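Before I ask anything, here is the structure I am working with.
Going by the order they are written in, the chains are A, B, C and D; count residues from 1 in each one.
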């Protein structure tokens, strides 16, 4: 028997491959789907079935790519939508994989047609439920993505799905959700990589609201919606192109990199410190670990991308972009910033400051304007910074006018990584006295200079 | 957070590495312990703690090897025994790994001092219990290993451990045992790679005996005890030697292979068909997939081993031997049987027969004597073969005299793999008309020639 | 600087990737071309140029596949032919790769338009010549492939190419040919993985014939031409399909394997001994190591292939087939012969005999008919076997009528591997008393029973 | 046949494994020697012989480590020295590896007892000569390491070895040296990864001095001698400890990292830009690519090392240190500088400047003092920078007093990497106005602001 979770880091996306006998099923595959084929081949299994839990909105699902290579049949939830591929799942529908059995459970709420899949083991014992974005470890799916005016209705569905369908499966059932901690699809997913119905029933903060009204009141909120979601939704109905097998960005020397596709956006995925010291003028900073989470906010789909990476020899960047539908990468700077400088080109930098220095400075330099780009929930949880102006990073582009151009701007986030994104966006628009606070709130909280 | 199960195939041994913050703990490590260090290094973690659930008897625990490389502290259960390394665990003792917490639960029964470890997540929620050989998916630990005359006493302890300590943890708790399906440590471990207290409470056949007397009656049996267990127990108290990092068997040409260490036992790990066609005279057949399970029955520790492998370039054989304390491998036949034959050497073969041919033959050749080497439980579960004589494979060496030398012997098992072991043992002792039934009972059951 | 030889085992095909600065060139790429992209990416290089030395006839060149993924430009030799892709190379044409320079040398003989490429190092020093199939270590290219009636003419061209163009480059120049030892493209390629003009000039047996007439007489011979060459030649002009990235054969259980595509040919790539003990009825034996060399003789392109492999989890078989244009693999037997027998199916076997037994038997069993399937050159080099009938393996299908059906047939080759191919072909056509001599001539020569 | 070059990047050290039949020989193995065993195992070969070309001085030879794991016999050159292991090689001595043959050639000059090994192929043809540090591509070995007062004598020996022994082998012989481009053992090794006697005879600049006197005058110079050479020499006579198999540095959080081993030197191997933006106070900068080349100059053996790496999950840093005998790594900063700042700690930075800004500044800020840390040969080859003060990086520690403390110091090298080493050394000693010129001379030469 094969049961493997395939995690796509960055997205915190969990997909699953389950095999028995000679067959295997994949749930919510990712687009660079070679990993499933390799796992199946190693075990002598054939991928016959692909199950989607819902019309995904935060990544390009790999069903079409995987079906093209394996001949597997695709079954999709949200059958009421205008799908261009696969067959819609019926509630109660069953699939056999060797001696295992999977059954579709109707669990709407996150989307209108969300489906969970209950896996029975070789003895017929109900064993694992794959809940997609309906139920996570420590959180539940968002209900504001279908229609911001229908969150109450969707929360109502979600209540029924969780309290009426999932919890009655029994405390002992293992829960395998579609995302782990760090996903944009759940606000507060716990770092409990494996969980159970009982653990969620007893400890998931949302499920402590046991009456329908309480629950609805607790979850029927509108959250941020990254602009790229619309594109993912459309691609996931029409079926995205099958990507060339080996994600590949063309290495280019400084000359070619500078001249090719002048409209392209330059994306610098190095860590914040290297970016701060020197970057190609105009480059947007998103460190590799935050790429999947933030690129959809700041990089439009109608522009080509030019990459500056820490490690040219890795395909991690291109894979992450591919999973979000960014297929048009014009090239990557070969030799990195060293080659750039060796060619005599100019670069830009962003000032940084440690929290200790900041502490002194706040007295000396009353003129400094502190920009806090953390989210509302971080502010609520970690405390505000006295005198700071708050614009959540994801809103910065729209609200940039609120940032003064004539004062030194000190940017603050949790650690300094997101601040560097913000600083790069400001610099591109002409702000020239922007400084990132290294360590951010984590550092600030570690020293004695108190939050004022 | 890091939570990984490391499975040693063959043994069906499960070890675990859990990390958070900057630290990691390994539970019941295996002897070729590089895998834990690589996982930890990749995540920027340091292995500080090694926990043993009990004095293992079916493999050489890797605690000393792992401690030698990492400086981690070893904590062992069964503290009443005469350990030469590490510190004994106290019931209730706790360890912190980043924000995680592990607590020792006293769960005797399999051994006198068996301990389970309850892991609490970052929010302090009881989450996973590592049960060692106390509780498996679908089975419980054996109670006959401490002393065959004290099985009732040990079963009594086990009842308390399971019904008094583990089940009360709650149905929702995830159970991570020390073995999976296929281990010699549980008779009937289920292929449920991840399980929960509730799944076991409701579906584990042993736990359906809910009264103490019923339970004790159900589990207080004496099972086979492979002879190598004694050696494992001794090594696991004294601390086995730290193995050289890269398991390595010297490749040897036919001449050297034949002449080196004439007392050595020749072990042929190829699949049964290749062995049947031709093997080095005197070689014992144990196919690679059954090596960990059977080598301890048939290969003594005071003999060197000479290997004939399917795939010379793989270290799988040497690793499996190392995990069972077989460190003295004299060499491997370079170029395999092809080189052997190219050097003009003689080889032996074992006849095979398909089940259809057997069906005809049983009429024609009334003289054939059928030897069934399946276990008692297989006989009970799958049915007996009319007219067959039953000696379980593991008893064949002692009971070989019961096999007639003057009649054609047809050997039968589940599929033909274990039959080939049996046939090789008979051939070595001079039986010369031995035939293996290909497909064994699985094949026999698939055709219409009925079990008589 | 990057200079790597990529060897495709089986074919003994050598391709090369050379990179400097930010660019790389690939010479004669193979069809599963991910390897070049990975090497280039790791070094921050971009593959801009693909060079073919000639219209290849023994494998599907990967130029189109590699160009599709990288955008590289393809330059082909044999420009007089009706190519459907790329641009023809002009003699003397040059390419710059960073500071390196490559120049095309006109070296006809193997084909009419064969080209060699002379690489100059960063200082402009002539350094390495890529000779394709014009000059090998210890041999020269065949001159009979263009037209068997024009071998003298082609040998004449080859004389000029080698003595007039290549040798004058200087003894110190390194030679990188298109094939190594074991290829079907050279009769006697030496195991000198790297060689030089001087080593060949002094030690290549063909080049000891220094006058034009001697040389032509020495090389203008007609050799065997595997039937698949015609297909390779056609594909290499028209441009083969770009293969899906991950070669993948569908695993199938015995039922499906038996029933799918009944016209398909069953190809068993296990070692000779496993095959001899039991194989799916009708399966053709070609051990994996001989697959590339022999499949083109015995497997037509208009039949699907069903595979029985030793190691299901490896893609080695499917890759080798892909490189020869066999894209239509219906499936692979999941679980191998064990699954086949467990399903109660019948299998066939081939008898084997050691050389010692044969030695005795030749007296006793005067009736045995010995079939020697070695090549003419092996017979010449190693000696004949008295009383044996000689049909080279590759001619066996056409000359099968010469093999008696009413006598026991003993098949002989160098070692027993090719004999098993022959035996499988005979068995498929109804011969039922066929025995393979294990060890073949190598074994026979090692014992005292003399060649008679 | 197996012939593989194993390159240790950083050191540009070439070792070789050659196998045939069932045996293999390794020439000048490195200390982390698993790579040879894996290669041999994959080919079914046994490493029986280890050959050293001379008492190495620039890395710890892995002979003892490899012998400990394989039982191979060690043969060392420089037999007149006081070796504690192995057997001395006699000139003319021969070894057989399968059908291959190796012969020792006496080639003193780099050391008194340097030996080259001439490999004959399976047909007995002289094929490849392994020249150790006697002859490189484009350069010859140094003659000043034995004794700076005996360079003429050693150059005289080298003349005989090259002109009397190696060149007469014939232009066609392939040369496999002990180092490639970038090594500290040759001043100007060419990027000609494979070379021949003829290529060197015709193009190696040193060998154009064909009379003894010219040659001696050309090579009998004293070059820099990194201080770590003495330690390597001693270790290579006595036999270094066998390293634990998996190089492993303990990850530590900021607290532990700061407090452990306060005497330890902090080594920051990130790229120059990340270091410039922020580093642990007092850390020495040596980017990973330059580690092997520079660590021996700046890190003494009697101090522990604490590491700050770009990529914690890689063992590349620890391996490079191990090869130079730095076995005492106290730990690595887990989470890198981000964790450091998140803990509220202070960091230091180094200013940087682009060449364009420098161009403007040179007018404005007449006060700036330019430090050029390139080598003499770079100055000679690339030109000097008007007004710059020259101290080669390796001499900076001794000559630091020459650098003014009261003026802004601008550090210049070829690209900015070595300048950052210099700047970090200055900063540690209290210089506080140090700026690194990004792009260095490469950048400077690319712009119009001319060298003055």
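Simple rule for what comes next: a residue touches a chain if its C-beta (ideal position, glycine included) is under 8 Å from a C-beta of that chain, and two chains touch if they have at least 3 such contacts.
For clarity, every value in this text was computed on a predicted model and none was experimentally measured.
Between chain A and chain C, the least number of touching-chain steps is 1.
Set against the C-alpha centre of chain B, every other chain centre is closer than that of D. Just to note, of B-D and A-D, the chains joined by more C-beta pairs in contact are A-D. Here the CA centre of chain A is 42 Å from the CA centre of chain B. The distance from the centre of chain B to the centre of chain D, with each centre set as the mean of the Cα atoms, comes to 48 Å. Chain A and chain D have Cα centroids lying 43 Å from one another. Counting partner chains per residue, chain D shows two or more touched chains at no residue at all.
By the touch criterion given at the top, residues 270-274, 276-278, 310-311, 336-338, 341-347, 349, 352, 354-357, 415-417, 438-440, 442-447 of chain C touch chain B in their complex. Here chain A touches chain B in the complex through residues 1, 3, 121-123, 125, 127-128, 170-174, 190-199, 201-203, going by the rule given at the top. Across the interface of their complex, chain A is touched by residues 21-22, 34, 37-38, 40-46, 68-71, 244-246, 248, 250-253, 256, 312-313, 315, 334-335 of chain C.
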